[in-house]
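Have a look at the structure below, then the notes.
A, B, C and D are the chain letters, set down in written order, and residue numbers restart from 1 in every chain.
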Amino acid sequence: MAPAVSLREAVALAGHFPLLSGASLEIEEGEVVHLRGPNGAGKTSLLRMLCGLVALHSGSAVVLGHDLALDRRGARRSVGLLGHQSFLYDELTVEENLRYSLRAFGVDPLRAGVAAERLGLGGRLASTQVLKLSAGQRRRTALALLVARDPRLWLLDEPHAGLDQEGRDLLDEIVSESRSDGRTVLLSSHEHERAAPLCDRVIWLAGGRVVKEPVVVA
Amino acid sequence: MTRSRILTTTGVLALVGIAATVWLGLWVTPNAVNFGDLVRLLYIHPPMAWVAFLAYGMAFLSSLGYLWRRTRDPRLDRLAGASAEVGVVFTGLTLITGSIWGRPTWGVWWTWDPLLTTTALLFVLYLGYLALRRVPGDPEVVARRSAIAALIAFVDVPIVYFSVSWWRSLHQAPTVDLSGRHLYVHGSMAWTLLLGFVSFTLAYAWLTAHRYRLAALADREADEGLRQALDERRAEGEVLV
Amino acid sequence: MSGYVEAGYGVVLVSLAGYALSVVSRERKARRRAAGPLLPERAPGQQDEA
Amino acid sequence: MRDAWLVAGKDLRIEFRSRVAVNQVIPFAAAVILLFGLALGPSRQVLAPASAGLFWVAVLLSSVLVTQRSFAVEASDGARDALRLSGLDPAGIFLGKALAVAVELLALEALLTFGVAVLYGARLTGALVLFAACVAATVGLAAVGIVYGAVASGLRVRETLLPLLFLPVAAPVLLGATKAWDEALKGTPSGGLGWLSLLAVFAVLYVAIGTVAFGPLLEES
């Protein structure tokens, strides 16, 4: 079976700064991978490139059969990102946001209600405008969208950040579930203890590329 | 270095041609009936306008080529930028010489003549285009959005011209009346005009080529910087391995 | 002559010459940068060499 | 096309909720109309004949604001990211956003028309031509605005760059719409038909360009 993600010497730029400096990796479908590395190692950039937000400058990158140099839109439709920004519309309610995005992806908007309920956003919160939500609740909304969409590849960028204890447990539960559903998950996190039990293996990043497990230098 | 030689030859020819145009235009050709010595502006003003339109046409074509995936090439983007910049210079000169023509002829520095008005709008349009090009960003992204802007701007040109000339034809301003002042271009005048067109076109080619080279050098420099940045970035990982 | 004509020719020639000079000098500067070392590691006294 | 309705519906709903158009753009347009009155008035002999032109300049300036707003609602600094991640067809996004902007501008124009009638003493004759000119001109403005809005979005200089790019291109719209209105207000609406067709050509052309160009603009591939 073709790997879910396959990068060869991938370079991505922000202006003239190399975000990725030649990253090579391969992730099989159904794997749950923990991305580790120091700040500025390129974890976020890698995730943003995989969902087609950062352009591939050189090298090759294939995501779920879509070559990122040619067909970023195809990749985007089967990939879900939980990033630092939640891309919600402030003026719309939680439910309207979910329904809009689901319809945009061609998913039955009725799944919004169940997902919101699951993330603790049911009842009164569902009809609250996003601008009145707390940061954690926004994050839950973004996560609810991912749950409802159930994409083939999940990209989670520091998913635990900003969530309360209950939310973190819920997140872990959701990740384990999608793992058993055979979804591929890339999860970047500094909280190793939290992430380790969820993941099959660890990929280390440093200086914008994949490195072997680092030995901490004194 | 034959390409360099062609370029140098072009430059020399342009220089000689312009010098000859000036000499013929200012001293050799006769004054025209009805126009007096103002007719001498004829040898530079229309060539300026022609070069401006030529330059924008060039920018348009290369932008189109850049947008089409199969001919996408950073060289086309560079050419579009270079040509548009030279075009803006010539547009400015078209406006100034037109204005200088207008003052003694019509008694005003500016008249809402269709060509003049279109040219003025072109001037602002392409100033915007150049401003957009100067906004820093990922080279490919910059090139793409510039190409789209060039496309939009160029499509606007005939619409502007058409609407302005229609607008003018409905408002016959009495101060501007060219009817009855037929200008007969003949003999030395025709040759000088032709020479003007040719030599300013050569000057356009020379300027654009050099502007293009400048852009290519800047791009190469950026690439060099990128390679260095890439090495540095990769080295960041080295420490940890 | 009226002065208008001379003004027109003058503006055109001066502007074109100015623009051409600026492009060529910038090009030359860029070329020198490209030829020279990228890092400022010049020995003192070496910079006078043209 | 389904995507277009979705995007337009979303944009209009946001606009309806936030009331930026009502609270800011309409007052802005009203201020422009008033200032023109101060600059050229108070003689109605001057203002009434100029009202078509002043009206359309006010619309043009307001459309810059509406366009900027249209991209500001897309997750503030990540407008292009949000649109790209949305999974929507780029042509659909373009048509939807342009449609939303056009609807907002038409509402604004309806209000401004009354303003012009009251403040400048313009007599509203030839209503059909007035209306048709509004529709055609607005579609053209919205199309150009959305393309340039996307070009400028995400740039740190977008607030200053957008008007510079947008206004010169929109010059034929200003001219055509003003002339069509002039004819209608003078009581000779048939004289405006030619200008109407000019506006229609402009609108069709730029809607077509936007539909095609929006993909490369967003996708960057």
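Some observations on this one:
As a working rule, contacts are C-beta pairs under 8 Å (C-beta built on N, C-alpha and C of every residue); 3 or more make two chains touch, one makes a residue touch a chain.
A quick note: this is a predicted structure, and the numbers were derived from the prediction, not measured.
A summary of chain positions shows that the Cα centroid lying nearest the centre of all protein Cα atoms is that of chain D. Farthest chain from subunit C, judged by C-alpha centroids: A. Chain pairs A-B and B-D differ in how many C-beta pairs they share in contact, with the greater number at B-D.
Centroids built from CA atoms put subunit B at 48 Å from subunit A.
Taking the mean of the C-alpha atoms as each chain's centre, subunit B and subunit D sit 30 Å apart.
Rounded to a whole number, the gap between the C-alpha centres of subunit A and subunit D is 38 angstrom. With centres taken as mean Cα positions, subunit C sits 20 Å from subunit B. Annotation for subunit A: residues touching 2 or more other chains are 55.
Multi-chain contact residues of subunit C (touching two or more other chains) are absent. In subunit B, the residues touching two or more other chains are 137, 140-141, 225.
Remark: the chains found to touch one another pair up as A-B, A-D, B-C, B-D. On the side of subunit D, the complex with subunit B involves touching residues 144, 147-148, 151-152, 155-157, 161, 164-165, 167-169, 171-172, 175-176, 179, 194, 198, 201-202, 205-206, 209, 213, 216-217, 220.
Partner subunit A is touched in their complex by these residues of subunit D: 3, 6, 10, 13-14, 17-18, 73, 75, 78, 81-82, 84-88, 219-221. Listed in rising order, the residues of subunit C touching subunit B in the complex are 1-2, 4-9, 11-13, 15-16, 19-20, 23-24, 26-27, 30-31, 33-34, 38.
By the touch criterion given at the top, residues 18, 22, 25-26, 36-38, 40-41, 44-45, 48, 86, 89, 92-93, 96-97, 100-101, 103-104, 203, 206-207, 210-211, 213-214, 217-218, 220-221, 224-225, 228 of subunit B touch subunit C in their complex.
On subunit B, the positions that touch subunit A within their shared complex are 136-138, 140-141, 222, 225-226, 229-230, 233-241.
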